[in-house]
Every structure is written in C-alpha cells, then in structure tokens.
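Structure record follows, encoded as structure tokens.
Chain nomenclature is as follows: A, B, C and D, assigned in order of appearance, with residue numbering initiated at 1 for each chain independently.
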Amino acid sequence: MAVKHNNGIILTTVEEVLSWGRRNSLWPASVGLACCAIEMMHTAASRFDTDRLGIIFRGSPRQSDVLIVAGTVVNKVAPMLKLIYDQMPDPKWVIAMGGCSSAGGPFPTYATLQGVDRIIPVDVYVPGCPPTPQALLWGILELQKKIKAKKEGKVWEEIPIREVPTASQPIPIKEKSPLGF
Amino acid sequence: MVRIKYVERPELTNRERILFVDFIKGMKITLKNLMKKTVTTAFPFEKLTPPKRFRGTHAHRVKNGKEPPSFKVIEKFMDIEFGESRCVACYMCMQACPVPFLFNIEAIQLPDGRKKVVRFDMNLLNCMYCGLCTEACPVDCLIMTDIYETASYHRASCVLHIDDMKKRSIDFDRRRYGEPDRIWIDDDQRSKLWGQIKWS
Amino acid sequence: MHLWAETKELELLEEKFSEIKLEKAENFTSIIVKKENLLDILTFLKDELDYRMFIDLTAVDYYPKNPRFMCVYILFSPEKRKRIAVKCWADNDSIPSVIYLWKGAKWAEREVYDLFGIRFEGHKNLVRMFLWEGYKHHPLRKDFPKEGIQEVYLPSLNLRPDEIPAHNYTPYHTYVPSMEELEKTQKSRLEKKSQIVLNWGPLHPGTHGTIWFLFDMEGETIKNCEIILGQLHRGIEKLAEDLTYTQIIPYTDRMDYISALCSQVAYVNTVERLLGVEPPQKAKWIRTMMCELQRINSHLLWLGTYALDLGALTIFLYAFREREKIMDIIEGIAGIRLNSTYIRIGGVSKDLPEGAIDVIKHFLNDFPEKLDEYETILTKNRIWLRRNLNIGIVTEDQVYQYGLTGVVARSAGVPYDIRMIQPTDAYDKVDFEIPLGKVGDCYDRYLIRIEEMRQSIKIIKQCVAEIENLKDDRYISTENPYVLPTLNEVFSSIESMVKDFNLRIYGEQAPEGEIYMSGENPRGELGFYIVSRGDGKPYRIKIRSGAFYNLQIFPELIKGRTVADAVALLGSLDPVVGETDR
Amino acid sequence: MELLGTVIGVTVKSLIFIIVMFLAAAYLTLLERKFAGHVQQRPGPLHVGPHGFLQPIADALKVLTKEDLVPDSVDKVLFYMASLLAFVPAIMILAVVPFGEPFTVFGLEIKPYITDLNIGVLLALAFGSLAIYGVIFAGWASNSKYPMIGGLRKAAVLIGYEVALGFAMVGPIMQAGSFSLREIVEAQSGMWFIIPNILAFVVIIFAILAETGRTPFDVQEAEAELVGGYITEYTGMKFGLFPLAEWYIATFVLSAIAVILFFGGWQPLPLMGWLPIPDIVWFFIKVFLLFMFFLWVHWTLPRYRVDQITELAWKVMLPLALANILVVALWIIFIG
C-alpha cells in the first residue's frame, strides 16, 4: 500500500497493462445449460468468431476467467453452478446470458431459479430469449468496458444505468486502438 | 409415396488403408477450405442488419398521423397528444403474454372521463420475444424493433418504460418504416457467408 | 387419418374381460379397466393383440375427486399400426407397476411418482425422476401452486441500495437444495461396487447440456451406469395448465430448442385436430418446408457436436457454418433465429417474405456438396469407423421394450416414422425415402442421419415448387372461430377486434375430450396428450418426449464399455435435455 | 582460460536458446490459432494488436497474473514438480540438437548448437521419456478423478510410442554409423535417409503425434470425455507450462530431430542448392513445414480410443519399425 502512495504512476501503468491483458484474453468456461448454449456455440463458430477478440472456451473452470451462464438455471443445478464459480481463480466475471439465467425468464415456476444473481454475483445481463450472437458479443464488449472501468478505480456500483439503447452503427475500423480494445 | 430403403455401409479397402487414402482425402478438404475466404463478420466493426421481421426490443409507436382506423375509433376515449404513445390501455398485450407480471400497465381516469396511460413497464428479462403481444395490439402501438444491443450491468436497466419505448419507436421508424418486407436487406454482409444469390 | 384400434378388437376385448368400459371418440379410443386386472389386460394386449410397443404412461389429477389420479397407458401395434389407450383409476394413490412387461415403463413410472406421488407396487428403486430426494411436494398435483412455495429469503446479490430490479421482483424464493441433498440423491441412484464412481456431468462439456451420468468404473470399463435427469426441469407441463392453447406455442420451442419448428408443428397439429381447425393448403406446405429445414438444422448440430466429441474439431465449425445459413432463413421468415414462434393455430403467423424462395433455392443448390465434404472427411475414415462400428447395438426387441423412436428405432430396422404412419400437413403429398439400418450401431445412426438430410432436401424442393404455385394464397384460415385474426383485419374491422379480444382473454374453448397425437421430431416421436374439459385452457398436457425414452436405453448399452464409447453412444442417441426434462 | 571461455559460451548460448524457445512457443500458439481459424474459414485472433499480433502477450500477462489456486486435496510437492518435469525435459533436448554448420562472425567461430555429443540421439530419447513423469505426477497429485484417468491414458500412450520411436531411429543411425546428430546430417549430404527409411518415417510421424498429444492421439485431454485431462486442476502459469511444453516446444524439437534424421538437416532442398540461403534457414524452413503438417493433421482427423492407440503402437508401429531396420540392413548390404 505504501508503495502505491509513493509512485502511484508506475502502479497505474502496471494496472493499465494488466487490465489490458485481462480484457483481451477472456476465457469463458463452457457451461451450456439450455437454448442459449446453442447461440453461445454459434458465437464461437465461424460466423461470429470470438477468437478474434482472444476469447477461447475452456473446459475446466480452473483455467477460465469468465462464466457465461447460458440457459435456464433450475434449483437442482444451482449448487453445482456455485461450485463451478467457486472453482474459478480470481479475477473472475459472470455474464448472465438470456432471460432465464438473468431473472428466471419465462419460467416463473416451482423448479426454476429466478435469476442466477441470487447465488453468484453477475456482472453483465444480456436480455434475449435467446440473445443473438451479436447481442452476446455486445455483452462481452460491455464486460470489457467494465474491466477497463475497474482499472480506473470505479466499482460497479458507480457505473450509471445505461441510457436507452438504440440501434448503433458499426464502429469505424480506424477508431480501434492499435492495442485492441 | 413414402418408400423404405436400407443404408449401405461403405467398406475401407486394404489399398486405401495402406495408402492412407482416407486421411489424404480428408486433409485435402481442409486444405481447400484453408484457401477459401473467411465467412466472419467482425462484429463491432461490421454488423449484420437484422431483417425487418426481427423480434428485438419492444417499442411504442407514437401518434403521428399514420394510425390504423381502429385507433381512430378508440381515440375518443383517450387523452393522447400528438407525438405521444398510442397506447390505449386495452391490456391486450398483458392478456396475450404467456408470462404473467411481465407487463405493468396503469391508466388513470381524467376528470373529463377520458383515460390516460401513466405507466407502461416491461421486464425484458422475463420476455420470450414470442411476439404474441405485438400481434394482440389493436392500434399498432406495441411493436418489436431491430434493437438487440441491450446488455447492461443492472437488472433495473432491462426494464422498459413508456418514454424510452417512444424514443425507440421513433428511431426505428425513422430508419426502417417504409422498408419492403424482404428476408434481409444487407446483401453485402450476408454474401460473405452465402456467396452471390441471384434474386428473382 | 386416425390411428386408433378398430371396433372388432375392442369387442373381442369386451367379451374376454367383461368389467372393462370402452370409450370410443373420434380422436381418442381408450378402455377403462379396474386396478386389479390392469396387468392381465395389458399382458393380453401385448401378447395376443400384439400392442407390444410402449409409447407413453402418464397420469391425470382429477382433484378433488376420489380416487383423484387416473393413469393412462398408450400402446402401439407395429404390425397393425394402431394405437390404444388404457386408463385406470389409482385407488388410494397406488397402482401395479408394469416394468416386467415393458422396460421402458421404468422411467415413466418414476416420473409419475415424482410429479404426482402415485406409488407403483413392484417397481424396484422407485425414486424421484426430476426433482431431488428430500423435496417435499409433488408439483403436478392440482393443489400445488405453479410458482411453488416461496419459503426462503434469497435476494439478488448485486443490487444497488437504490435499485428496484423490476416490478415483479421478490426477494423470497422457492427452496434451493444443498450439496448434501444432491449427494443423497446420487447415493440413492447408484451404490458403488467397483473401483471409482465417476460423476460425468451435470455441467460437463461432453454431456449435451445437463445430463448427470454416474459411472461405476473398473479402470476405464463401465460396470454399471445410472442417469440423473432433472437438471433442466422447468415445469413446462405445469405452466401449460393455465395458459391458453395459443400461449403454449412459445413454450414448445423451449422444450426441444434445436428443432423448435418441428415441436410447434406437432403441437399445433394436435390442437387443430382437437378444435377441428383446417389450415389452408399454403400453410401446410410452408409448415412442411420449415419442418424439414429445421430437421436439417438439427441434424447438422448433431453432426457437429458428435464429430467434436469424437475429436474432429473442424467438422464442428463446418456444420455450424451451414447452420448459420438456415438460421438466416428462419430469422428472415419467422423473426428469431432459434426459438421461432412461427406456427399458429390455423396456419402460420406470417406469409413468406419476398426473396425467401430465392434464398432457400440457393441453399438447396450448394448444401449437397457441403454434405459430401463432411462425408469425405468422416464416412470412410478409419478412425471414424473404429469409433463407430458395433458400438451400442440396438435390437428390434429393445425398440418395442423401451419405446424407442426416431433414428434410434430406424437404425434397428424398425420402420417407425410418424411422417409415414400418421402423415400430417403435406407429408402425404410429398415423396421421400425413409432410411433404415441393418445393424443398429452408432455407424448406422450416423449414416441414417446423413441420409435423412438428403431426403429433407428432396422434400424441400417439392415444397418450394408447390409454394410457388400457391403464391397468392391465404396462409391462415382466419374465418374459423378458433383462429386469431391477423393484425390488418383487427385494424380494419371491429368484428375481428372483438373476436381477437375474446380469444386472447378466454382462450380457444376446446370441446370436451382427450387427444393423443404426435409428430416426427428429429429426436423421435414427440407426442402431445391433451385433456380438455371444455374451457379455454387445457386441463392437462403430457408431452411424450422421444429423447426421454431414447436415453433410457443408454445404461444398458454402455455396460462393459469405456468412457470414450459413452461419448460416442450418447452422441448417437442425441438427446436434448430441454425435451427430456421439460 | 580455455575452459572459462567454453563455459561462458555455453551458458550464453543456452540462455539464448531458452529465451528464444519461450518466445517462439508463445508465438507458435498464435500461429496455431491463426491456422486453425483459417482452416475453419474464420480469421482467428484479429483485433488484439495488428492482426492479433499481441494476442500471445495478452494471454501471457493474463495467465501470469491469475490467482495461483492450489486445491487443498492435492499433493503439493508433486503438484508443483509435475509442471516442471513436463517442461524441463522438452527444453533440455535442445542441448543436443544442432541447427547448422559452425560459422564465423567477426573472426570468432560460432557453433549453432550447445554441444555435439556422440550419443545425441540417445540423450534426446532419454529426455523425451522423462516427460512421462510429469504427466503421471500431474495426474496423481491432482487427487481428482479426471486428471487421474487422463494421466494414466497419457502414460500408456507414451510408453507405447517411446519404444516405436526408439526403434524407428535405428535405421538412420545404422546408415550414418554414428549417434551424433551432426554426423548423421553430414552423412546425408549425398542422399536423404528418407529413401530407405520410409517405414521408419511413418512410424516417427505417428510417434510424434502421440508423444505431443495431438489428434488423433489427444486422448489425455479429450474435452468431451475428461474435462481437461491431467491438467484439469491446474491454474495460471502452472497450467500454461503444460500445453506450451507438450504442444509446441516438444512438437518443435521432435520435428527438428525428424528433419535431422530423415530430411538431411540443414542441407538445402533438392535442386535449390544454388539459392543464397544460409543452412540455418534451410533447417528452420524444413522444421516449420513439418510443424505445419502436424497442425494440419491435428485440425482434420477425429480421435482414436485409448485402447486402440496402444493396440496400434504395439501391433502395427513396433513391427513396422523392426521391419524398417531389416530393410535398411539389406539396403546397406546390397546398395551400400
């Protein structure tokens, strides 16, 4: 801590570099539960290639950074999902893909968990049933923005609720930073 | 006219086995694909435009002079300014929706007896995007737009309110109101995957 | 055409067993028997009248009647191609088990026990099917609330202090089991005899969703195997009980999410038969075309994941490349890529957009050569052969015993295809071939699925030609009192607006009665058993899932094989958890 | 003085070798991801840096700064030792691999190899076999079921193919009459040893695929069966070392040895001797081509079952290697 006060600049640059590395190689644990898993596979497949952004799916939670909860989480599988989350090493993030994993979705029943954020903290919610691959990719970009903001010392409570999203135009390739996102 | 046939099981002959013909053929295929162009759409930099029928986030059409005749009938009982949402609080979307509690609609009775919609919330996290609500709307008010980039950090920001739905519909109609009902409109992007399609 | 047993058989039954009661309706023919001679009648039906294929077993809860539960057995005769239903009241909540007649009844009885609490006398190891040991309730009983009992305080973990998540958010939640309870469940399924018990799944890359396998292994050889289902049990049947017939359509997508359109068509056909609605010709052809597109789509996903499980990583992405094209077609026509709620009672929700036919033609032209590419890489590859040949051989007897349907049945040489037995929509007008296998191993199932894709292309070509003739035909028969009007009609005429309001609020008032009908899903026979008591909502819907019964044979086939074979076998059975668990 | 010079020279060279090898391995991952991507008609890493050129660095940064999480149930000592045991032997093989003829820069002679032992081949084999311990330790120490099965599978495969590999190397050694890799290369100045040793070459290809755990032999981490194989429980850099060593460094080094044994090391390609290309470059071109061939196989074929693999090793590969020895013996007797 003392070091941080002495030469904060160096530390922040180090932080900057680390956060760049982290947000540019997010490895999700391939946990597919239901319909959304199919769209998740499509996101990883040739049409919308997540490998472009350095995202490759790992089988073992021990080697993954982000948990994409794709599909309905029912009460019976909830403890195991928490186990998987606990097995992941820090720093780790969670994306709740689709309505079911975010808030129970269209299944307000006796068997369904009404939102995975009741057992593990969620970073990004992606509405949709299921979200299209582009929507999921947008969610992943949002997560990258969040990691960047974390680096700037903001905690997620301070990030404002986003304003009304409208259809956005493609980012011109020249606005891309030479080091990636 | 349905017929039954047995599938024949191909055999690997010894010649093929010794000369690795099966491996070589397979690897020829992968090599061929290696030479082809990629089919990828680099998402944030290039985007697939959803088709006209795409069922994305909901929106409220506003009173802009393009209303269907049914709206004219019901309008008398409502207090709707020009440029406000067309919603007439008929609760049909709520009735048609398979998910209970997805909608939260409130309308008040004005002193002059007319109704006014004061609250129209939709929790997108419970939505199935099945489109039954839009098919139920009798005044062409509730529509589904082509907006899908709605990921956010909070549950609360996935709940739609009446004024953002107004904004969305204006944005949506400005872009795609007069568009023909085609299967897709961005041939240049899709042709990466499809190759050139000859349209009739 | 209807498939129910003829009168003379029923008379034969009546004179043999005096105390049975016949119920013959246009959609459903059943015999009501007493509990004590249920087994004799079922044995007679199986052995004498050769209704030896077990289709389904379910129960209906007529609360507050007493006895409240009625069990319904649905049987099929492969020779006569006839179905028959046997009903029996479960006095004081128990009924004799039939697992000695049909092995396939094992899981079905466990499911009924789980959801209704009916005890089956003589069933060994009658444990819960979907829910966990120690769960207190039996959800499908009429006196159990749909939302369950929200007893524990389980708020969302990341709420800002000022945030109200949504108007329908409540911090209270139904009971979530603990790890110990799940371990208890596991113990109750399988006791350890060999070296190690391997937990394969539920959240495992290789298990096609969330199936939970227990392997009792000696080295790498599996001595004993058990399957725990219910990791995706969302209670769709319970939900459907207070939705109108139209509102259930979106949920049929979410059951078998890989072949959503086929499920919709199967369901909508059942409801139309119940309501007596006849869709227009064009809608029929469009339905058939979309079904076959979806079949190709589903088989492509199977091919990709199967190849991935067997190590051929590249095939996976090639298959998904083709899937993307079909997804584009479905998205352009229906509006959503995967769970497209496109079929409506009395037709389809929208007409084909302009350009759709061109795109489909383009796809039909260049898909066959892609299929040949896959075959060149896989079919004669020595590794592929060694991984597939003589793995998991299914015999004809097992097909009838377990009620196997779809590709698994056809690989054993049983020509059981609903498209042929009970053609709906336009299937009686198109001509195609049904591939059958001679051996019944994984390799046969692989070849059959590949061949089915080619046949689907053939069917789609005929559909496209037909639809072009019917270009400006109606796509939904809105003059029928049960069919929702289209938006334009609502906008223009007040009558259709009133009709719309009535149908949305009160639902389609179906006539009283029962019906069982099924459609040919890529995974097997997807049947719907609907009990209607004359109001706008179904009294009970039982979904007969093909994957559920197909998966049931897995433990028997895998004994004495290795984990690597388990992957191949599971892939070739191709279950979808959303459908098995509902 | 003489001794000191040698010591310094060797140390510097080894350091250079190790560092270069690390970087090379890091970028071989990028190469593989690009190659796989284009085989599957997708670009692979693209946006992190120009054409994804910084992707390996991002990955390395992330992996290095991950929480180093060691489960309580594991056997700590073996758990750490395993990752080293898997990595070090792969690097140590480099000690005996010559990359070219000695050449002189500014008057001082540089030998592009660390040492030229007269038993180089044997040393390479020995170090290669050491890697088995890493695998077995990893599987055992993780104290979990999937790693255990994965480790045993890999061990069975390795033991099977080490033998075949050893016998396949005998042919070239007989022809060269020496164990020293450099002399073997020099012996091929006339004709490459691929000509009589074609059988041995097939065996070597299969053996290298098996040793480096690439399809059709990647049973040890068949994702569909065993989540991550024997590296399931590993996190951070301890995890990173395994694929780095096994998939990239080992593949690279073994391809180098195969090139030396069969394709005349740094001899120019036939009919291209006139090109002004230094022999080191020739050598790396050949190694690179062979490496790409392995990637190509990896991204095409399905996967064998483990019992089928061992069966293949003992029933097909070993007899082939022995037959090759006979062929070469006859060749030496009759053709010379």
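Basically, a contact is a pair of C-beta atoms (placed from the backbone, for glycine too) under 8 Å apart; a residue touches a chain by one contact, two chains touch by 3 or more.
Please read all numbers here as calculations on a predicted model, not as lab measurements.
Contact analysis places B-C first among chain pairs (by count of C-beta pairs in contact). Distance between chain centres (mean CA atoms), subunit A to subunit C: 33 Å. Taking each chain's centre as the average of its CA atoms, subunit B and subunit C sit 27 Å apart.
In this assembly, the C-alpha centroid of subunit A lies 23 Å from the C-alpha centroid of subunit B.
Look at where the CA atoms of subunit C average out and do the same for subunit D: the two points lie 49 Å apart. The set of subunit D residues touching two or more other chains comprises 37, 39-43, 46-47, 223, 227, 299-301. The set of subunit A residues that touch two or more partner chains comprises 45-47, 49, 52, 59, 103, 106, 108, 115, 117, 129, 132, 156, 176. Each of the following residues of subunit B touches two or more other chains: 23, 26, 29-30, 33, 38-40, 42, 50, 98, 101, 123, 125-126, 128-129, 154-156, 158, 193. Taken pairwise by the contact criterion, the protein chains are fully connected, each one touching every other. The touching residues of subunit B, counted against subunit A in their complex, run 38-48, 50, 57, 98-101, 123-129, 145-158, 164, 167-168, 171-172, 175, 193. Note for the complex: subunit A touches subunit B at residues 46-49, 52, 99, 102-106, 108, 115, 117, 123-129, 131-135, 137-139, 141-142, 146, 156, 159, 161-162, 164-173, 176.
Remark: subunit C residues 156, 159-160, 163-169, 239, 243, 246-251, 254, 314, 318, 321, 324-325, 328-329, 331-336, 339, 341, 349-350, 353-359, 362, 366, 373, 376-382, 385, 413, 415, 417, 419-420, 423, 427, 429-439, 443-444, 447-448, 451, 484, 487, 490-492, 494, 497, 500-501, 504-505 touch subunit B in the complex. Interface residues of subunit D facing subunit C in the complex, by the touch rule stated above, are 36, 39-42, 145, 149, 153, 215-216, 218-219, 222-227, 299-308.
The touching residues of subunit C, when paired with subunit D in their complex, are 196, 198-199, 204-206, 220, 307-314, 317-318, 321, 377-378, 381, 383-384, 386-387, 562-567.
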